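Structure in structure tokens, see below.
First chain written, first letter: the chains are A, B, C, D, E and F, and each begins at residue 1.
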Amino acid sequence: MTIIPSIKRDYLCRLAEQGKRIDGRKFDEYRKIEIKPNIISKAEGSALVKIGNTQVLTGIKMDVGEPYPDSPETGVLTTGAELVPLASPDFEAGPPQEDAIELARVVDRGVRESEVIELEKLCIEPGEKVWIIFVDIHVLDYDGNLFDAASLASLAALFTTKVPAKRFDLGEDFPLPLREPPVSCTSVKFNNVVVADPCLDEEEIAEARLTVATDKNGDIRAMQKGLSGSFTKDEIKKVIKASINNGKEIRKILYKSIGK
Amino acid sequence: MTIIPSIKRDYLCRLAEQGKRIDGRKFDEYRKIEIKPNIISKAEGSALVKIGNTQVLTGIKMDVGEPYPDSPETGVLTTGAELVPLASPDFEAGPPQEDAIELARVVDRGVRESEVIELEKLCIEPGEKVWIIFVDIHVLDYDGNLFDAASLASLAALFTTKVPAKRFDLGEDFPLPLREPPVSCTSVKFNNVVVADPCLDEEEIAEARLTVATDKNGDIRAMQKGLSGSFTKDEIKKVIKASINNGKEIRKILYKSIGK
Amino acid sequence: MTIIPSIKRDYLCRLAEQGKRIDGRKFDEYRKIEIKPNIISKAEGSALVKIGNTQVLTGIKMDVGEPYPDSPETGVLTTGAELVPLASPDFEAGPPQEDAIELARVVDRGVRESEVIELEKLCIEPGEKVWIIFVDIHVLDYDGNLFDAASLASLAALFTTKVPAKRFDLGEDFPLPLREPPVSCTSVKFNNVVVADPCLDEEEIAEARLTVATDKNGDIRAMQKGLSGSFTKDEIKKVIKASINNGKEIRKILYKSIGK
Amino acid sequence: MKSEEIKLIDSNGKRLDGRGPLDLRKIKIEAGVLHRADGSCYLEWGGNKILVAVYGPREAIPKHIQDQVKALVNARYNMASFSVEDRKRPGPDRRSREISKVISEALERVILTEQFPRTTIDVNIEVLDAEAGTRCAGLTAAGVALADAGIPMTDIPVACAAGKIDGQVVLDLGKEEDNYGDADLPVAIAPRTDEIILLQMDGHLTIEEFDKALDLAIKGCHIISKLQRKALLDRYQSLIEGGDIE
Amino acid sequence: MKSEEIKLIDSNGKRLDGRGPLDLRKIKIEAGVLHRADGSCYLEWGGNKILVAVYGPREAIPKHIQDQVKALVNARYNMASFSVEDRKRPGPDRRSREISKVISEALERVILTEQFPRTTIDVNIEVLDAEAGTRCAGLTAAGVALADAGIPMTDIPVACAAGKIDGQVVLDLGKEEDNYGDADLPVAIAPRTDEIILLQMDGHLTIEEFDKALDLAIKGCHIISKLQRKALLDRYQSLIEGGDIE
Amino acid sequence: MKSEEIKLIDSNGKRLDGRGPLDLRKIKIEAGVLHRADGSCYLEWGGNKILVAVYGPREAIPKHIQDQVKALVNARYNMASFSVEDRKRPGPDRRSREISKVISEALERVILTEQFPRTTIDVNIEVLDAEAGTRCAGLTAAGVALADAGIPMTDIPVACAAGKIDGQVVLDLGKEEDNYGDADLPVAIAPRTDEIILLQMDGHLTIEEFDKALDLAIKGCHIISKLQRKALLDRYQSLIEGGDIE
């Protein structure tokens, strides 16, 4: 750690001891969230999400292809993330690195394991032809908390998606059949403080990260701990509680943006 | 720029100011061009082109495969270039780099956009089976002006190509159906001088490059500007004019080599 | 060569001049060979081979797929080797390097050219469906002589392999149909001495390597010379003779391990 | 490029989207749209949506790629996988690598690279929505983003294409015009001197048509150059009003 | 994760393999099984067979990846192509790269990395036979191999999963339970302090169920921790008996 | 390798292409055919057409691959995609990488690598037209190109194969003989000492047959060695006549 980060670290820690954050937020408070749905005309669905200065764009493309042999009657979901060098001086061109892979896999599991997409309604011809959904996460501006921004952009994009049946001579277009989604909320820990929705400065000094996806009943649908620090059981419970609360607010913003 | 190239640069510039080139040619004059057609027995067509010391070998292979969905009744053209380390101390093994990609794409567009190959005659079964043409450019000795050598070798190779119908149980072999080809001529600019058919010494100090493909009517069929220098409108017009003139001569050499 | 290897080299050479090897073996003597067949439950066949401290595990998987166009009625054999970083401080993660490729190809040729597998009995539907055999060589602990260990592990694994016909709805499982295998024996040369079954210390100073596969009649079925040293004709004949003798003993161990 | 049955200009001289032969598609340019980048630009041009971020000059890494006498200009043209009708596999393909190369070369002409030896200036061009003419749109946006980043340049580069459809030379081909037209001529210039820094041509033009098309493309460049300058002025004013600059 | 028709717990409270809800699968651990590695471990856990080799601390290469203040912990989780029902293509896929990342991060927590600046500690985890729970098995074996290599640690890390099947929270999911269960919660801890160093969850748990599952997983960790220590003790004794240590 | 119904030797002892058992195919060798390379050779051998260029000794890059006491010999055997009946994908495959390795090792034996520490000697072998026996042809051409480049060697390496067809040991297998024969034995030697520097064998040979085949292959090497020397002499004379050497 060179001198500047170490000074920043000290400054953030001192603030935290006084119960403060660098941008004036409370420990469990999110930055301003904006969702712009349906902004890419070539995509079947899309949404741009801003959380503070962080911007993530997800685009959905669909195609017709073969189902997996072990689930011949369900559509196929594929999620990818690109940390394009546009978004940060630290992102490099090239095939996805560990961070991008973890990001895509966490978003993917959030959608897949919670069965947000009714994949069983996306069969065209059992064992032969099903709809394939490509969720492509494009990070545009990186100022912390990509997990929540990417997950929210992907959900919003899915909710704007029209299945392009007409283009494939398969009848009329129809909205992608979806269930209630879980909402992801991420917190990080540093210097024994846990804060929600970390900005980049906070992420850079974070010791541990925890993402919790909760549904509208307040049940847990997915979790992912990251970084080389640890959590105590109590800290985890606290993060879960904050995630449920913030999840409720974010769900409202999501629903409003997609006119639901 | 280290000391040797800088001395060479000064020398070439001084020569140019006296209206001279390093190998005694006039500004718009080509080196000696030789074309040896049909020299690879395993290939469906082939030609070795020498422009001065530069040697490029193009081989054509054909296969039967699926057409593109948006053109179900036309053959498929694929062009690749390899700058194998055989040809220059500066070429490295490995996947094609930017220079090889640009070379292949310029040759490809020259053939494709001018519709040299009657691809519509290469359909075997609409939507199912068409002829696939692989144009593989192999640079053997690099002494400048690869664009013209590669383009000429590829045209000559195409004109020697027999479609191997017999090998695929599809009747008798027949010559690849072709139209009149455009001929590419390349010039480079340095120190406000524009010279045609640059040798390696000239390429190394060139600021801008312009390739112009013209047909037998003197119409323009493709252009590609390269390098980080610029051209004025007048310079471009001058290059076009020289390209038309040189193109006529090169066309004669091409026709003679393929017995046309 | 740094100081330690050069001392080791001198030591091994001095020993050799006295007719001795670093671990007390005779020049043509193998280390202890152990074969543990059928230890991976998910694999169709498997075997762990230990030659001294060297450990190699081969697993066999089978699948149903298309035959090669030029042999529509025979099964397909694919052999791969991974020098995973587990096995040596000098092995690196990543795609197979030259050493792993040579290892896989020598094992593959030993099996393929000697027609150990009756591939012609592995056709399911001519031109459409055949059995595909994947021989995957996993090096676990590298203390010299990978060629013999990998080859022996692969043979033993093949001899434990059951074709999983039931899983593919193709009738009852049956043992992979096999012929008498050749057995590979490797020697290396250093300082004008030739020793069989080199340990790592010996491999590190070896100038030339020769692998000879012989069948139960004492005929030669495959050879591969390696490294940048040379052999005289007499040395090669000597290696062949030792390989026939050692091959007989190893064949007994192989047969015993597979209950034959 | 076939003109087949599709009629690209009607009897009133109007093109498929209602434009006249000399009209540009609608263009919108905004500078300074990204937080992390040293300079940035968002540009809409017809159905194209382009985002450009500039980073640098910063030390070129690894060291052996450094040029001791000037900065490397490293433009990277990238299409988002959802920016086209049939999903594009992520990562560079041969087309995008060629475009990256010709744009890098064009930008290098105007950047005062000698001021920053051993560094790299990275110009990341993301095509978010694509509809004919992305290389001109990308280069134009790159010019604004470079200026927004404060990179010293002799001029702000700008690009525009002309082409030929239904036998007529027109400005700025749209999607169908690109697919079914007779020729496409993308051109980039340094607008103060009209030096040509990028030029490609596909199709079929007589010399006379080429001259006309080249003039038309340069004319288009000058119109767009004004939009670039306006976007930068707006950005500068908003910074002043925001108090970021005194 | 669907519980569909398959009954994962019978009327006697027994699971498909005869275990009760709080039972672990059979676990066997052996330390020091490889000749070349600085430390190693072979572990069987139900149908899983895992081999781990530790190399290091050794100089990190190339130099530019070195951390000046601590060792890099580089765990590499790799599945043998024959370790699963349908052959896996050799080399890392996205799943194994994610697992490598979370295991590396978990191990870094307990290793005293500051003692070995500019080095790398490589932890190679080979899954030879796979059957549900390989990441917990791999991390557990890695803990033993690190101790066998003499790498200084604050604690020997250990992992175990809990989950939910047929509506009930149980310990250590088996193959069918993983495929058809309601939730899976792999957890790794530093057993002296119960700090949680790895945590992932897929499925559906109420808060109460989560609390119960987390407690259960930690309980499992402590049982396995004893097996780790026994394996290391056995190894130590065999070294003493072999005369390698006085 | 099956001898099936195809008759490879007729009742008069003639092979498919009319050769007797001890005859080589037609070989043509030319040295110094490329302008840029430090040394080069074009070789035709039956239907094989091979071009070899040698570059070096030159500094090995990156530095960490340098050997402090000798030059690296880096042969790269590459087949042009059009050199075979079914088009080969460009780039190295496993076969060509193995051949590159065994040729590199063989050449290293004769090159005085200790004279050029920290350098690399690159031997680029391009197979332009392929018809059985390309590795022997490539190594033989490489020997000439190395000599043409003035690389100091103890000897000019040369290669030739023997084999067994229709139960008979013959020299230099042709295409059908390679496909349907019983055994193939490519051998390379340093001809002054008959040291064997490359040896591979596929097929089935008794010890007696092997001895006979090895002797035959070495005999073939000596014939070809003369052709190599003649090509180099021709090259040298043309240089003298051209005035390049006094």
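Everything that follows uses one rule, which is that a contact is a pair of C-beta atoms (placed from the backbone, for glycine too) under 8 Å apart; a residue touches a chain by one contact, two chains touch by 3 or more.
The model shown is predicted, which means the values in this text are computed figures rather than measured ones.
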- Where the contacts of chain B and chain C overlap, which chains show up? F
- Going chain by chain, each one touching the next, work out the least steps from chain A to chain C. 2
- Look at interface A-D and say which pair in C-E, C-F or B-D is its repeat, using the rule that over half of the contact pairs are identical by residue number. C-E
- Message: By mean C-alpha position, what chain is farthest away from chain C?
- Response: D
- What is the chain whose Cα centre is as far as it gets from that of chain E? B
- Note on the structure: Between chain D and chain F, the Cα-mean centres are separated in Å by 52
- Message: Centroid of chain A to centroid of chain F, CA atoms only: how many Å?
- Response: 58
- Message: Using Cα averages as centroids, what's the distance between chain A and chain E in whole Å?
- Response: 27
- So chain F residues touching two or more other chains come to none
- Query: Counting only residues that touch at least 2 other chains, which ones in chain A make the list?
  - Reply: none
- Task: Name the shape of the chain contact graph, picking from line, ring, star, complete and other.
- Result: ring
- Query: How does the ring run, chain by chain, when chain A comes first and chain E comes next?
  - Reply: A, E, C, F, B, D
- Note on the structure: In their shared complex, chain A is touched by residues of chain D numbered 34-37, 47, 49, 51-53, 55, 58, 76, 78, 80-87, 90-92, 122, 124, 126, 128-131
- Tell me, which parts of chain C touch chain E in their complex? 39-43, 46, 53, 55, 57, 59-61, 63, 80, 82, 84-89, 93, 95, 134, 136, 138, 140-143
- So, in the complex, the side of chain E touching chain A is made of residues 1, 69, 73, 94-95, 97-98, 100-102, 104-106, 108-109, 185, 190, 194-207, 210-211, 214, 218
- Would you mind writing out the residues of chain C in touch with chain F in their complex? 1, 96, 98, 101-102, 104-105, 109, 113-114, 210, 215, 218-233, 236-237, 240
